[in-house]
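The structure appears below as structure tokens.
In this document, chain identifiers A, B, C, D, E and F correspond to the written order of the chains, with residue numbering beginning at 1 in each.
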Amino acid sequence: MTIPNQRIVYLNGEYIPENEAKLPFRDRGVKYGDAVFDTTRTFGHKIFKLEEHVERLFRSLRYVGIDPGLSVNEVTEITEKVLELNLPLIAKDEDYWVSQRITRGIIDPNERTAWPSYTGPTVIIECLPLPLSTRSRLYRDGIDMIVSSVRRNSPDMLSPRAKTHNYLNLIMADEEVSAQDPNAFALMLDHNGNIAEGRGSNVFFVSDGCLYTPQERFVLPGISRQTVKELAKKISLPCIEKDYDLYDAYNSDEAFITSTSFCICPCRSINGRTFAEGGVPGPVTEKLMNLYVDLVGFDWVSQYTRYPVKDVPRM
Amino acid sequence: MTIPNQRIVYLNGEYIPENEAKLPFRDRGVKYGDAVFDTTRTFGHKIFKLEEHVERLFRSLRYVGIDPGLSVNEVTEITEKVLELNLPLIAKDEDYWVSQRITRGIIDPNERTAWPSYTGPTVIIECLPLPLSTRSRLYRDGIDMIVSSVRRNSPDMLSPRAKTHNYLNLIMADEEVSAQDPNAFALMLDHNGNIAEGRGSNVFFVSDGCLYTPQERFVLPGISRQTVKELAKKISLPCIEKDYDLYDAYNSDEAFITSTSFCICPCRSINGRTFAEGGVPGPVTEKLMNLYVDLVGFDWVSQYTRYPVKDVPRM
Amino acid sequence: MTIPNQRIVYLNGEYIPENEAKLPFRDRGVKYGDAVFDTTRTFGHKIFKLEEHVERLFRSLRYVGIDPGLSVNEVTEITEKVLELNLPLIAKDEDYWVSQRITRGIIDPNERTAWPSYTGPTVIIECLPLPLSTRSRLYRDGIDMIVSSVRRNSPDMLSPRAKTHNYLNLIMADEEVSAQDPNAFALMLDHNGNIAEGRGSNVFFVSDGCLYTPQERFVLPGISRQTVKELAKKISLPCIEKDYDLYDAYNSDEAFITSTSFCICPCRSINGRTFAEGGVPGPVTEKLMNLYVDLVGFDWVSQYTRYPVKDVPRM
Amino acid sequence: MTIPNQRIVYLNGEYIPENEAKLPFRDRGVKYGDAVFDTTRTFGHKIFKLEEHVERLFRSLRYVGIDPGLSVNEVTEITEKVLELNLPLIAKDEDYWVSQRITRGIIDPNERTAWPSYTGPTVIIECLPLPLSTRSRLYRDGIDMIVSSVRRNSPDMLSPRAKTHNYLNLIMADEEVSAQDPNAFALMLDHNGNIAEGRGSNVFFVSDGCLYTPQERFVLPGISRQTVKELAKKISLPCIEKDYDLYDAYNSDEAFITSTSFCICPCRSINGRTFAEGGVPGPVTEKLMNLYVDLVGFDWVSQYTRYPVKDVPRM
Amino acid sequence: MTIPNQRIVYLNGEYIPENEAKLPFRDRGVKYGDAVFDTTRTFGHKIFKLEEHVERLFRSLRYVGIDPGLSVNEVTEITEKVLELNLPLIAKDEDYWVSQRITRGIIDPNERTAWPSYTGPTVIIECLPLPLSTRSRLYRDGIDMIVSSVRRNSPDMLSPRAKTHNYLNLIMADEEVSAQDPNAFALMLDHNGNIAEGRGSNVFFVSDGCLYTPQERFVLPGISRQTVKELAKKISLPCIEKDYDLYDAYNSDEAFITSTSFCICPCRSINGRTFAEGGVPGPVTEKLMNLYVDLVGFDWVSQYTRYPVKDVPRM
Amino acid sequence: MTIPNQRIVYLNGEYIPENEAKLPFRDRGVKYGDAVFDTTRTFGHKIFKLEEHVERLFRSLRYVGIDPGLSVNEVTEITEKVLELNLPLIAKDEDYWVSQRITRGIIDPNERTAWPSYTGPTVIIECLPLPLSTRSRLYRDGIDMIVSSVRRNSPDMLSPRAKTHNYLNLIMADEEVSAQDPNAFALMLDHNGNIAEGRGSNVFFVSDGCLYTPQERFVLPGISRQTVKELAKKISLPCIEKDYDLYDAYNSDEAFITSTSFCICPCRSINGRTFAEGGVPGPVTEKLMNLYVDLVGFDWVSQYTRYPVKDVPRM
């Protein structure tokens, strides 16, 4: 079957149609999740903080000890090229996730016999349209967070700060929570019992006019998380990184998550406890959302909310 | 480039040449290591304890919540068929690893546009010749084990008993140890500080005529580990599963690892401390190796040791 | 308002109508939950294992250091008397919970001025009809268990083995779970991440023809739990007390809870994962239920299931 | 027996004599300690920081998920009324503790048959004269603190920040310490081994001209603790909230506890190690005590110390 | 000053008067406690289980990686010789502790300049008369145990099973407890909160006709502890090694400690809680004491108790 | 054998030749490592920060509860005198370590019979020439750090902040690492899995123009560490004390250790991961080294590096 108008993917030096972008099952990225990645998004077709994302990608690479065989500049340029090739494929009011994925490739010569030339790391750079229509409800009603019993990886086992292809710890939490409510978001505690993060998102709480977010040591150091901290600073809203637990959360006035694609999405409840009066977004969240829109020069809120509300598809 | 005489791989219902067995990079097995696997081996071209391996595979599947879409019997039959198709490709004195790998596939329709028919889990069943020649030295001299500072995943984060494609925790330990000595094996402690396991292998110690091995809760429940326990029972050698720490290890008389391919491989030292007089295999290890050879009716020791000694290739 | 036909309660030496059985708010039992209790039930109006329950009560008393001022025999006799006084008040096919509750009373003379004669511990012995009608559904469909993120008290803080009036740790778990599903039962993990217990109930799993239940150190040593162990012994069903985690639970064939009133109630699922084929009770559970019925000489299963199905009232 | 001149207690909408203020033993406050409370005191018959205490009460309520059915304002007004009614009962030079206690009441209709109208939460607001005479010695000699082996509840089990009726964890520590020395105060470590708090009191240490106190996450956020922080700020005395351990404590120059009734009470020793030269209060403690007296406009120190020294009654 | 009739000490190959047995302060045994030791005692001038003690000494040596430069046999023979030389110095009704101590010596040549010939490990073998007269009271009244807040070293830091010269962890516990009661014995919890051991002694509890003692992993594997296990086996008294916590201890009927010199000494209380009726020794303890006397063919109980009661000298 | 020109040691009130400075083996410093010490060094024969070192010594003394029987001033004066007596013995371009060591002496009269006058604590004050020649290579190439599997003592067992004679925990780590590479330095993690310290040294990392070092709670509060913090402040280089883990370390640009004798010594790698480009010292390290040289007015770098490179002798 031919797929018309396919997205173009960069794979190990070549720009190819997405459905040709496949990996030998013996690639360590497949066998072991022995890979790291990073993802940014476009706003109105313009890429956001690409440099920060590529730098974080390189920190993840250094942590797991993979040499990408490309410089920061090369990865940046290829990313921009991949985006450029794919922009014509989406509508003006749509946007892309843009991701780099780097696996350790096939190391063992014994495993490489069927792909003799498959040496070095595997580098994939790719785009995916944002799932705009499925998230409208979340911006309207707020996210319901449920804390999973599965604890986030402790840093002396595998640091949550490296964005790797080892997601089963996060997926186990998701499975647990979505079995209760397919629309809810799983929030995980760290090994000390403090709030850590959800799959692919950081969390912030608003309490007594302060912003709180878990310590970096236990979570992905999100670029959107960093952006929110900078916006807060701009309006002199104190933002404190600290161990934050359920006593704090149940007594918070507002909460929101941040992620590359969501930017800021308000939360309605945690473990069934509704924040404050329950209207979303709360005033501080709303102010930060507006500042975020201003910063990127693009109204991503409307981009999501113009869709009629649908259920979030279950993972 | 054409690869002649390629191995045949089962992929999602088809038997295809290995170099066609590739996965879309959007498969969750690639993106998240969201997959489980199991591996047995042949002895003299006969497969070993396939039933036990497939049952363990299904336990791993149930743990991560993947429905393979195939029954235990179907997986068993396909495995046998794959082996049958590949046996003609190796010499009489070589043998195979035979593995099943099942990923969650692509779940999100948004990610499936380039592969519209790629629904359901991804099932791979495949063979790989054992790396016989590279291991000769280990059987002759014994393995040097070094304990990594990285701790094995704790069971409330991701159970070490499920054999998944999330191997970075194990790989971080390997990286640490092989940086010191490329021929050494990394041994990990569990989150309580007891000895757990190495990548793909269980460990046993011999002390005062008893066999000791770490508790199942913190390690992969190896089929070879189980086999050794059964052999020990046969000769009334007590085998105790317990929390075993470095005080125990430094005072042990012998040690060996077990794995599907290694069966039993003697260890020479741990953290530079040589076991007993240092000759390998120790008497108890040797007895168990002989019993293992008898059990499977095949002299896998000679299969390894007939090769001239080479260095273990670094991971 | 007068309540006709009231139950009789023993309170500090007197047998009084239940609505007169009230405690000064300065009683440490009220202010601090500084109290212990125990509860047995009747089967066909006959009390079950009263001796074992009173002995456990005295172990709880010793743990928290309360001197009840009564001997084991005295507590037993008063309990029997209280039951005798109350049996006429229920129908033949109903049964009672029978409980002893002992608080430390008011210790500080400064707090006793309004109740100058209120010295010594407070002893309450009382009956409550079993909530038969509300549980019919659970026996028909099985209990859905959800694991809370709140961890069970660790024994070096407050031992879960003492049955005290400090239930907030258990209630926090219940709150979390019932916010998701008012009919579900909260199951808690101990501080090591193993399955511990739910509020007022122990849990058993059936796997490969064995019975498993968490270690006593982390749970209430239930009398019904003990009864099930004895029944299992009678039919040579191995019953193993061990650290049991979610990998085990997701791979179990059956599960059930035990409690004084429930005796044995089958479970349908844990975290949305249905046990085996999902029919309840599973064969082993059913066999144990029948044995339990035989042991007590009373069909408590029918006693519950003869009621039409209603929802479990939320806590 | 009639008690003349009784204190008046608010109980569920009524102002009644204290010895009528009793709770059905089926109230969850009695059965489970399923309740929260807060306590302030008067200085010269004037109530102190009532607003802060009521706000903390509402944070405790939110944490355990009890809806008091009253607003912050209503609770405040009733508290003031209760105090007003009781002030005539004490001498001019005495003062009151003033407490609000809110239980979840009886939720289960099955348990409410003897008290059919007992719906909603139970609200108690009450006064108790401060135990002035028994504490004179502590101000003169300083408190001897002994660290218990029982660890303070960890926040992922039950947050020490919520002031609940579940005090057994604190009582177990008290029991242990008072068995050694009935006049000593038990100090508890948190689950990480840092100093946390004692029953009903926070602890401060003075070292090299700085004030130190344990992190809020592990202790009750005392209003007097907060007051001391504000006083310290006023005189530019640095006050640092941090993990504080026995190495720190043994090297401190001074220590004191804070609580609603004690305000500031100097400590003489910890685990038998006398602070500095052992004179109490130390100079920094004394300065803070004086500032506290100034702040509240009442000499509570003399209020305590004018009494001849007696032993502290054992709990 | 000349000391007449001095004991003879073996020091690095020589038999010398005790007051010449001194170590360079640069010996690592002095600077770092980098040394291990073991101690047995005589009964009626006959040495007890010397072989077991020397074997344990060698396990300690292997754990810390010190090569003693002597064989098991040599250490045994020197020990016997040292004892023989010293026996004439004590009365017939007195007995000796006999100890081997081996330090790593001076390793760094830079530190050896003042003692150029001081190479190899330092080996000391020595005798000390048992402190018979000071312990009479303990046998008569029983030991009062107090649980310290200091936790016993966790095995992944320094195994409690190796008998080393690093005693500060134990001493910190002793300091804490003897500050409260100079006659009490400090009992420590392991890092999980279970009962571990005291300085130089193991602890046993009797409950419902069973003997319980903490797991070896967290304590010194005492030879007397082993002896008690063997005696219990002889009389079919079940002896269970398990995690034992304060709930267990407070509900025990009897308790006793074991050590080389004490053999078995009954305990009266733990944390002020008196065991059972409080008479010491309890019946099971007494039976084991008698068996121990029989086993060694010497009435060590009378040896202690014939002295008039004195206070235990504080450490 | 007579040693000419011996160093003079202060021992319990006397100034004696080093080879007479010996301790009875019954001194608790020998038997238990029951002792603390502190060490400073000279720069060009001038002692550095003696006051800070003596104050830290007294904090260690207070922690373990040893009363030295000497004041801070007395210890300072004796130290200066000892140095003065020994300076003539070394060359102009050499320097000294100057140490105070204080043990608890012999407490038990039973143990003091051979040394009847040996009462009170044992005080040793002594000099040792710095091992200049063996460290040249480390300054030239940088130190290779390897993280041990042994974890640093947790503060609730024995605080790493007290500088005691209990070094086995550190030595076990050293043993493990030097078995792999005799020239490498062992770096330990604290019980939470963060980087702590090595034997006798603190560690700093440079990342994005900031200096990072582990929290004091888990390490020795080094005087050189403090000096580096002061130097950093002087040049407005932010220096942050925080939990620092392997993700941080693998992403650092530079690292160095500090210790009394090393002052600052650059590190080349950690676990085989080379910092930045691998040149040592990195620019920030070099700047701090220069500032340190300026501060002490002595070029200790050249003092080390003028020696031809030799291997570090194994411990």
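What to note about this one:
As a convention for this text, a residue touches a chain if its C-beta (ideal position, glycine included) is under 8 Å from a C-beta of that chain, and two chains touch if they have at least 3 such contacts.
All figures in this text were calculated on a predicted structure; none of them were measured in a lab.
Repeated interface, listed pairs A-B, D-F or C-D, reference A-F: D-F, with more than half of the contact pairs matching by residue number.
Farthest chain from chain C, judged by C-alpha centroids: F. Chain centres here are means of the Cα atoms, and by that rule the chain farthest away from chain B is D. Once the centre of each chain is set as its mean CA position, chain B and chain C turn out to be 45 Å apart. With centres set at the average Cα position, the gap from chain E to chain F is 33 Å. Residues of chain D found to touch two or more other chains are 65, 149-151, 154, 156, 175, 189, 193, 246, 273.
Taken chain by chain, the contacts fit none of the simple shapes, being neither an open path, a ring, a star, nor a full set of pairwise contacts.
Of all possible chain pairings, those that touch are A-B, A-C, A-D, A-F, B-C, B-E, B-F, C-D, C-E, D-E, D-F, E-F.
Taken in their complex, chain E has these residues touching chain C: 189, 192-194, 243, 245-247, 250-251, 273.
Put simply, chain A touches chain C in their complex at residues 146-151, 175-176, 179-181, 189, 193, 246, 271-273. The touching residues of chain D, when paired with chain A in their complex, are 59, 62-63, 65, 154-156, 159, 161-162, 217. Partner chain D is touched in their complex by these residues of chain C: 1, 3, 6-7, 9, 11, 17-19, 21-25, 29-35, 37, 64-65, 101, 107-111, 113-117, 124, 126, 128-129, 131, 134, 149-154, 156-158, 164-169, 171-172, 175, 191, 313, 315.
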